[in-house]
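Next come the structures, one after another.
One chain, chain A, appears in both complexes that follow, with chain B as partner in the first and chain C in the second.
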Partner chain A sequence: MNSRLFWKVVSLEARTKMSYRVEFWISAVAAFAADFGVVWFVWMAMFRESGAETIGGWTRDGIIIYYLTVVLVGKLVRYREFTGAISHDIYEGGLNRYLVFPVGYMPYKLAQRIGLQAPRIVQFALLGVIALLLVDIPAETAPTITTIVMAAATIAMAFLLSFMLDYCIHQVAFWADNVWSLDVAKWFVTSLLGGFMLPLSVFPGWAQDIMAWLPFRLLFDLPARVLLHRADAAEWALGLAAGVFWCAALWAAGRVLWRRGSLEYTGVGI
Partner chain B sequence: MIEVDHLSKTFWVHKKKPGLMGSVRSLFKREKVEKRAVRDVSFRIDEGEIVGLVGANGAGKTTLVKMLAGIIHPSSGAARVLGHTPWERHNDYRRRIALIMGQKAQLWWDLPAADCFLLLKEIYRIPTDEYRRRLAYLSEVLSIGDELNVQIRRLSLGERMKMELIAVLLHGPRVVFLDEPTIGLDLTAQRAIRDFILTYREAHRPAMLLTSHYMEDIQRLCKRILIIREGEIVYDGELARVVERYAPNKVLKVHLRRTGQKVQPTNELRALGEIVECSEDTLCLRVARDRVAEVSARLLTTYDVADLAIEEMDIGTIIERIFRERGEVQA
Partner chain C sequence: MTRYLRLYAYFLRFSFSRAMEFRLDFFFRIGMDACWYAVHLAFFVVLFNHTGTLGGWTLDQMYLFAAALFLMDALQMTVFANNLWALPIYINRGDLDYYLVRPVSPLFFLSVREFAANSFLNLLLACGIFVWAVARYPEPLGFSRIVLFLILQAAGAFLFYILSMLSLIPVFWMQSRQGIRDIFWSLHRFSHRPHRVYTGFIRRLLMTVLPFAFVVSVPASVLFEGASPTLLLHTTAVVGGGFALMVMLWRMGLRAYSSASS
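Up next, the complex of A and B:
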């Protein structure tokens, strides 16, 4: 797929997404309020009931900032809607047209995902600025040019990793038709083990050791900690390298699944 | 251009017993049944030909088209289209074919057609001058104007199908698969699509394989048809010869001047053909195709004939009967 086509797809998808502006803003506010509101109430209750100053190395204000960051990062990293989902294409037969086009399906879907996700940069920036104004952020965790650049690279890697995970999991639809429940399971696992539900530091040591070998922490935990000055340059570089490794591994797995799965594909109807 | 050699496709489909218990049982154990959608099909189509692929629902038409378009893999057999094996999906191949599926919109629902076409320009790497020339030509022939700037989902079904046709023909394909291109359209839109396909064929001479449930499409567009029944090609030949092959008889309908006497079904009359109706003023005989002239002459000289009509079975009816029956069809 040439870069001209790639960016054309990105641009078209982004424009389509932004053409539904009511939905765009409602989803921005509602998703943010839901994601952030739930954890805010839960953590406030935990601090109040336990009477502890810190939990898992986080103070009450620290955890609020962590969640603000993680929710904002999540907006850029993962995509919850079904529009353009690979499993949907397989199940509904929308894949037919992509098989007839002289382009690779995976790069096309990647471009499509970037296009669908790109407008969220506006949501991210706007909600981020509002958060900066409303929340008292300590000077030592305030974003700097360096952390913003480092976080941008980490978020880009996390976005690609999230896409590759979806690319592999959704291809199960070649055999199972409907993978909605698998998608929900992935959502839960990535949220729990990726640091979206809880900071990974609150897990027991042995669990953290296991999670260090899994790709999920690279999705939310690493980008958030980079933005909050909690990851040094070495950890950042190592995390990026691990992300690239996992993307390559999932890409290879995705190719195998595609080769096998497309033999099973019926294109809906006989 | 299209060569198909003993192509077959078998699907395994899950069978589930009806009712709640059937659903519960299927959670633990599911029975698989073999569905042979296409069986040992062979044919070829040359440049400039429009070949109609006709068959009942589930006969295997769409499966065959999907294999030739490279969407699904066959279970056995071979096919060469433009020198390529379709399901290998080489980009060189995909740049030279087009598929239109009347039942499944291919264009992007939320985009205006003009944006869809620009995207297709990039997908097929169509040079800008060529793109402009083709779009102008196709828009003119299909009478498309301001609709280009309207979102696809806001267009009428007929307008949408016209856009689908433009979309699949922009890159100048040499082979076009048309799977029910007029389905759901009103008569005027159907006619417009048919006229366009003929015009396009004359101007560009691609090979076209057309499936349709409308006999009007087949009769107007195809000189040659393939009849597919339960996955097998049961007829491959000229449309006009279907009648000769599957309807060897014609019906002679004679209106007699009233004499007050009923015509008797005599042995002499039976020798001319099978008596379908015999009343005071009407005589209907089913007669072998090659005896029609002789029998007509005999009837004209024997009876006081007011009017004589020779009826051919409607081709659509013949084909419908071929879908259902295994034996020869009698007129």
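Up next, the complex of A and C:
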């Protein structure tokens, strides 16, 4: 798929997404307020009732900033409404047209996903600025040019990893009647093991050792910690390399699934 | 009433036979909810590694709360969820006509026609977790409290249905994909944590205008804190008031509804 076509698809999807602007902003603000509001109350209660100064290496203010960052990073990494896009193509016969397109299916879907997610960069920036104004961010965690560049690379990797996970899971639709449940189950697992529900440092040591070998921590925990100066250059580079490895592994798995699955596929005219 | 019960028995039979046609999905659904249960329990276990209480509740009480949350979720997934997902599509496409001409209440028909047989197994799993949480609770809870909890929890699941409907009914006027459901899904996350962790204005809001506290947390608290007449009256007022509002808006929505044939 040539880059001109790729970016044309990205632009088309972004414009489609922005055609429902009111819905886009209302759902964004509501989700942000609820996600952040619930954890804010839970962690206020945690610190109040435990009497601890720090929990899992985080102070009360630190953990609030962590969640703020994770919720914002989550906007760029995961895309709930993408749920069904690939599997719908398979179920509803929409895959027919992609089979005759002179472009690969996976790059096309990636371009669509980037386009759908692109308007969220505006949300990320706007809600981020509002958060910066409302929350007192200590100087040692305030973003710098270096951390922003490092975080941008990590978020890009996390986005690709999230897409590859979705791409593989959705291809199960070649064999199963409905993959919605698998997709939701994936979100439950990634939100816990990826650091969206809890910072990974609050888990017991043995659980952290296991999670270090899984790809989920690269989705939310690593980008958030990079942005908050909580990961040094070595950890960042190692995390990025691990992300690239997982993306490659999922890409290979996706190819195998595509080859086998497309043989199972039936649509009108095929 | 007998006619409605007989009709519901037919819905059950159709739903089970349809569920068994898609066996892999059947098991995926069970796996999905099992995953959700595990993640929630793990969340509380990890938190309680760092504190003795949360919202004034101990880990054993939190297990009861989590079990109540699973029961409510399984109940609404089994009885209402599949029906409510389809409702905006019916309204936007004009498919509601089919339900309006039936000799039964369209609200009843559209709300409970599809019984999710796969989620029903999750309801059994949730019951199992509830029994486990009750059994491991350090003090006897008492039969009457458990019965009262079950009644309030059923009311909580019904309240969840009412709130879901209130977020979907605007589709009649908005012709949007799902009304204000995104806002509902965001707000309902407040019901996933005990109402005691919330303070001030937000707690008052969750006990009145946005009564998510009554969906799970208040019924669960009855198990170990008991129920005062005021609390029972408050619950009745919230559920009854919510239901009356929903029916009123539903009727207004039906008057605003138009399709190719109406």
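Some notes on this structure:
FYI, the second predicted complex is superposed on the first by the 264 of 270 C-alpha atoms of A that agree within 3 Å, B and C clash if a C-alpha of one lies under 4 Å from a C-alpha of the other, contacts with A are read in each partner's own complex, and residues count from 1 in each chain.
Assume a contact is a pair of C-beta atoms (placed from the backbone, for glycine too) under 8 Å apart; a residue touches a chain by one contact, two chains touch by 3 or more.
A quick note: this is a predicted structure, and the numbers were derived from the prediction, not measured.
Legend: residue contacts after superposition of the two complexes on their common chain; A:L12 is shown touching chain B, with no touch to chain C. Once the two complexes are overlaid on the shared chain, A:S181 sits against chain C while remaining clear of chain B. When both complexes are overlaid on chain A, the residue A:V189 reaches chain C alone and has no touch with chain B. Once chain A of one complex is fitted onto chain A of the other, the partner contacts of A:G93 are limited to chain B, with no touch recorded for chain C. By the touch criterion defined above, A:L198 lies against chain C but remains apart from chain B after alignment on the C-alpha atoms of chain A. Shared-chain residue A:R4: touches chain B; no touch with chain C.
Contacts of A:T266 after superposition: chain B is touched, whereas chain C is not reached. Once the two complexes are laid over each other on the shared chain, residue contacts for A:P102 go to chain B alone; chain C is not touched.
In the superposed model, more residues of chain A are touched by C than by the other of chain B and chain C.
Chain A has no residue lying at the interface with chain B in one structure and with chain C in the other. Looking at the complex, you find that chain C touches chain A at residues 22, 24-25, 28-29, 31-32, 35-36, 39, 42-43, 46-47, 49-56, 176-177, 180, 182-183, 185-187, 189-190, 192-193, 196-199, 202.
Listing the residues of chain B that touch chain A in their complex gives 11, 35, 37, 58, 60, 62-63, 66, 69-73, 89, 91-92, 94-95, 97-99, 101, 104, 106, 108, 110-111, 115, 118-119, 122-125.
The touching residues of chain A, counted against chain C in their complex, run 20, 23, 26-27, 30-31, 33-35, 37-38, 41-42, 44-46, 49-50, 52, 55-56, 175-179, 181-182, 184-185, 188-189, 191-192, 197-198, 202-204, 207.
Residue ranges of chain A in contact with chain B, taken from their complex: 2, 4-5, 8-9, 12, 16, 19, 93, 96-97, 99-103, 262-263, 265-270.
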